[in-house]
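I have a structure here, written as structure tokens, and I will follow up with some questions on it.
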Amino acid sequence: MKRVAVIGGSGYIGGELLRLLTAHPGVELAAATSRRLGGRLIDGVHPNLRGRTSLAFVDEDKLEHYDALFLATPHRETMLRMPEFLARAEVVIDLSADFRLGCADTYADYYGVPHAAPELVETFVPGIPEFHRTRLRTADRISVPGCMANAGILALTPLAQAGLIEGEVAVDARTGSSGAGNTAGPANLHAERSGALRVFAPTRHRHEAEIAQATGLPVRMTATGVEAVRGVQLLARANVTGEATERRIRAAYRAVYRDEPFVRIVAHRKGLHRFPDAKILSGSNFCDVGFAIDPGSPQVTVISALDNLVKGGAGNAVQCMNIRLGLPEREGLEFTGLHPN
Amino acid sequence: MKRVAVIGGSGYIGGELLRLLTAHPGVELAAATSRRLGGRLIDGVHPNLRGRTSLAFVDEDKLEHYDALFLATPHRETMLRMPEFLARAEVVIDLSADFRLGCADTYADYYGVPHAAPELVETFVPGIPEFHRTRLRTADRISVPGCMANAGILALTPLAQAGLIEGEVAVDARTGSSGAGNTAGPANLHAERSGALRVFAPTRHRHEAEIAQATGLPVRMTATGVEAVRGVQLLARANVTGEATERRIRAAYRAVYRDEPFVRIVAHRKGLHRFPDAKILSGSNFCDVGFAIDPGSPQVTVISALDNLVKGGAGNAVQCMNIRLGLPEREGLEFTGLHPN
Amino acid sequence: MKRVAVIGGSGYIGGELLRLLTAHPGVELAAATSRRLGGRLIDGVHPNLRGRTSLAFVDEDKLEHYDALFLATPHRETMLRMPEFLARAEVVIDLSADFRLGCADTYADYYGVPHAAPELVETFVPGIPEFHRTRLRTADRISVPGCMANAGILALTPLAQAGLIEGEVAVDARTGSSGAGNTAGPANLHAERSGALRVFAPTRHRHEAEIAQATGLPVRMTATGVEAVRGVQLLARANVTGEATERRIRAAYRAVYRDEPFVRIVAHRKGLHRFPDAKILSGSNFCDVGFAIDPGSPQVTVISALDNLVKGGAGNAVQCMNIRLGLPEREGLEFTGLHPN
Amino acid sequence: MKRVAVIGGSGYIGGELLRLLTAHPGVELAAATSRRLGGRLIDGVHPNLRGRTSLAFVDEDKLEHYDALFLATPHRETMLRMPEFLARAEVVIDLSADFRLGCADTYADYYGVPHAAPELVETFVPGIPEFHRTRLRTADRISVPGCMANAGILALTPLAQAGLIEGEVAVDARTGSSGAGNTAGPANLHAERSGALRVFAPTRHRHEAEIAQATGLPVRMTATGVEAVRGVQLLARANVTGEATERRIRAAYRAVYRDEPFVRIVAHRKGLHRFPDAKILSGSNFCDVGFAIDPGSPQVTVISALDNLVKGGAGNAVQCMNIRLGLPEREGLEFTGLHPN
């Protein structure tokens, strides 16, 4: 039984890690820390875990050494403290933004601060099983992509790798309120956020840089907060090289995702559920990817959706852990999502 | 043209007063204060007022003397500062809780602090046009009831006055998130509040005391936060004296509300809209009141609904102002609400 | 491996049965029927099951004999066809309303039609593991309670059995839109139902009869449709015999539910999650039960919540199946629910 | 007092016309027809109008001759019956799709049927006061644009007319459920539609053709149903000719909209309400238009929002009527919208 711990367990990503790890048959959740809530029972903060864990949050000085350590810590703090985190576990799985971008300049450009540990950046393997599974099997340092970034990377990489799209990609991302975390602020007030269509990043959202890095394509991304707690949906437009046919696009996705446990190709001609919708993915580790061709147009419209806290964060991190620790890749991640929901 | 001002205009009740007063043909909004946001443009805080006012919030030392002064100030502070407010206007209309309860002991019991100005309490006329219109015509001090209180008072008083109900009344109140105001806190986070059915006051909600005072009936009230920004719905159960027939109940409501501009009796046998629902009342000054009889039971179930910020607050206050200043009672309050919404 | 089938798999309760049974390690889903959608792939109707099943809905003439047969058929039809259903399986688990009420007259009274198979009614064991576990171990005919009924039965029975409450119980039930099933009608239109507080049964909701039967108490229930897809929350008021203390009430619940796998006692003094809220129960088989005492009042206010499609239907049915087939009672029902959600 | 009538008053657009016309001081609503609900009281169908009108829906054979006739009839039927409608009023204001597209081939292309009255098409003036006010003053036949089309036309035309943008415009439209009307169908079921991010038109939405026609730009539009009853938000990306500076863009909008009563330029550097959001526009006739520049990019991102039933339909139609009948343009359209909402 592998022993794992979570740093920063009182937030939403941290809570989702605790939900998945306490139900995971292959690991033992040994500790979860919270600076704010040290000593408080986990299920007092995450009421869905009532009856599932009797652990309380501990202070970091109580930490021991673990098989795997999950970091749900803020960016900036994470890169400053990474050396101490690395000393605490065989495998460190970082859910912060600090080690996602390979280029320190790009980091400084998008995050507005110089990177504090550029020499460490290249030692991290991207936490993207679909494209880095082999490296993840032996990786001791894993950096999990951002929620919208992962939705974009999984939507566009197969087409980019097959050379099927070229030129600038316009990405329209929609996200639920849990992406903002559980720190109260006017922007996150229910009365302000409920029913909102809030364009909070008309240009240059940070996840744009991750998608560009992974796909090698120039990406312009806009992010809008929509009425949902969980869920990310991405809509991307790109120009197709050569003939834009459904057959070519579908074949490119099939070739990459045919055997993937957590990516589904969803592109139907009719029905209520023709394209990916985060509505039915809450709690699940699936990323659904679909597309549409406009006959006579050189463009393809790609749509992807996931639960920002699961495949967009904690679930994806657990999938990486399973791969690294030699556990069945699906273990602890089988929940299918709900319909209706 | 009457000159009016609002103390505490940056909150939700304050903002609603500004929405109604800037559109009111009979008054001029001379000033609105905000301690937090003094100097900031009103439409920067309340974006729905873009193009409707160019005023900025002022500090209180900028205040002059007005025909009517609306107080959207916190309870406790309001009773402590009432003397200075009274000096600022011919008519003071208080939307805080401090002068609603005639008995200082009851206030202390429900609010947990002794009343700071008990001698002033009885000088306030209840801001309930349906039952105090005559006194309101000459009242210089008006205390507007709480949002759930008003829904309960309008639902139960006609039956109580007619002696149609007796014994304890069980009230189940449901309210939207705007009732909590715009101060950010974990309880009001969208991710926590969205879709919630939060029983935040299982017993002894403060508005219970107002309903009991107005109706003379023993009331037990439970309050639940539901998924809505605006809106209050009350469901009350009471025992009927004598025969519980639809005819007797309807007659009692008709007798009181037949000519009321802002109370509608809504009790149909079929259709989607048989009973009051706050869903169609957003922005309107209506309180809808309905009821149902259980054949063979001595009980009546009464249902009422209103917009907590309008008939449950700012709109009701403007209606009182219209009465007091000799303006048409409906003026500035004609919006019907939306369907669908 | 037990072979099970579902009659009426295209509805919401049917779909939830399919979600749980396809993920259940102890059973094989052998068939699911749909009159409307025979021949259509299950995951085309329930998109959350994409990749989890390749089955298509079959016509009933394709049915064989099964270890357990789940009926998600309409009431009336179910009682008329029960004999043929009984011939198809060793154990029949009925999720319709037809065999819930022991007294045919009560059925006729609440459902407006005479019961078609009164002689069969008493051969069904109530699908309420918390109170009928022993009988369920050998029951060949199981009738699962209604969603709001189960929330009420689990909330009130421990107090009734302990003789802690007496007299009429006033129940205020709130329910999400999935309870109405997936048959389109004006009442279920998103634009009409969204944000609604629709009192659709001010008196005499059918589930009232089930709660009265199970608790032996006179019950008056009101049902309101609230803004949610899943979820039922019940609020009940009753008079306490003798002294109404938190200690006595809590002890009564502890005595009954201490070892129950799917009932949690939720009654805290503070925090966001003091009382049961269906918001965090979507997809889980938990029923949370809480209560509040009003000091100096003889009343107790009881609050319970569950997911109407899980503990209020399909999940509860699977729990009954586990008991009857000798499988671990929790099997296939471990999902904890999500926070935030 | 002008006498007006509405054909097809039982739908959502029809109901919104009735809400605006019954509150309009300059006109008398003489009749409203409904084939489905002839004889039924208007306020039984549109409960927000309780107390505002005692009219019942009439059959069309009861119609007389009016100063203005509003058509809220289905497309196809409208073009087939237009001659009889034209005979019934001095001014016909059509809210259907049939006379929006100047080119019959384009109509056939997007609507899949040949146009039944091509000779009439060019006799209609576009119901877009911002760009056709002069012609509208004398127009006897007015065709009001589609909800998403109007949001796109108002967002893009000033930039197109100023020659500030060139090449293909990518439009991402989000819409609430009321846009689908009140005909019940599985797609509009609350349980299916609630919380959905449904890409129902990945390419070639019909309103795309209207925007292209009005702006002269090639437009590619995608439409997504989002969680809202009312509201449309459009996000458009275009390449800027010459230098893409905020100053040039803002100047182009100011030049066109400076004196427009119902278009507001909303583009702020900070705050919760930096860009247009339909959330605060429900019930109002405003279209808010904003934009963002990505420094160093040749692109501009334009955002617009409106209430699909008001500025996207009924309100815009009433504004056209005011212009045509010589009434004050703002009359009956002053509602500001709500915050919070």
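Chains here go by letter, A, B, C and D, matching the order in which they are written, and residues are numbered from 1 within each.
Rule of thumb we're sticking to: a contact is a pair of C-beta atoms (placed from the backbone, for glycine too) under 8 Å apart; a residue touches a chain by one contact, two chains touch by 3 or more.
All values reported here derive from a predicted model rather than from experimental measurement.
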item: Pair sharing more residue contacts (C-beta pairs) when A-D is set against A-C; value: A-D
item: Maximum centroid distance from subunit A, chain identifier (CA atoms); value: B
item: Between subunit D and subunit C, distance of the C-alpha-averaged centres to the nearest whole Å; value: 45
item: Separation of mean Cα positions, subunit D and subunit A [Å, integer]; value: 38
item: Inter-centroid spacing, subunit C versus subunit A (mean Cα positions, whole Å); value: 35
item: Residue list for subunit C, restricted to those that touch at least two other chains; value: 12, 178, 182, 186, 191-192, 194-195, 227, 229, 340-341
item: Subunit A residues within the subunit B interface of the complex; value: 12, 176-178, 180, 182, 184-186, 188-195, 227, 229
item: Footprint of subunit C on subunit A - complex, ascending; value: 12, 15, 19, 22-23, 44, 46-52, 178, 182, 229-230, 264, 266, 268, 271, 273, 280-284, 286, 288, 334-341
item: Residues on subunit D engaged by subunit A in the complex (per definition of touch); value: 170, 172, 174, 186-187, 191-192, 194-200, 202-204, 220, 222, 224, 226-228, 231, 233, 235, 237, 272, 274-275, 277-279, 292-294, 297, 299, 301, 303, 305, 340-341
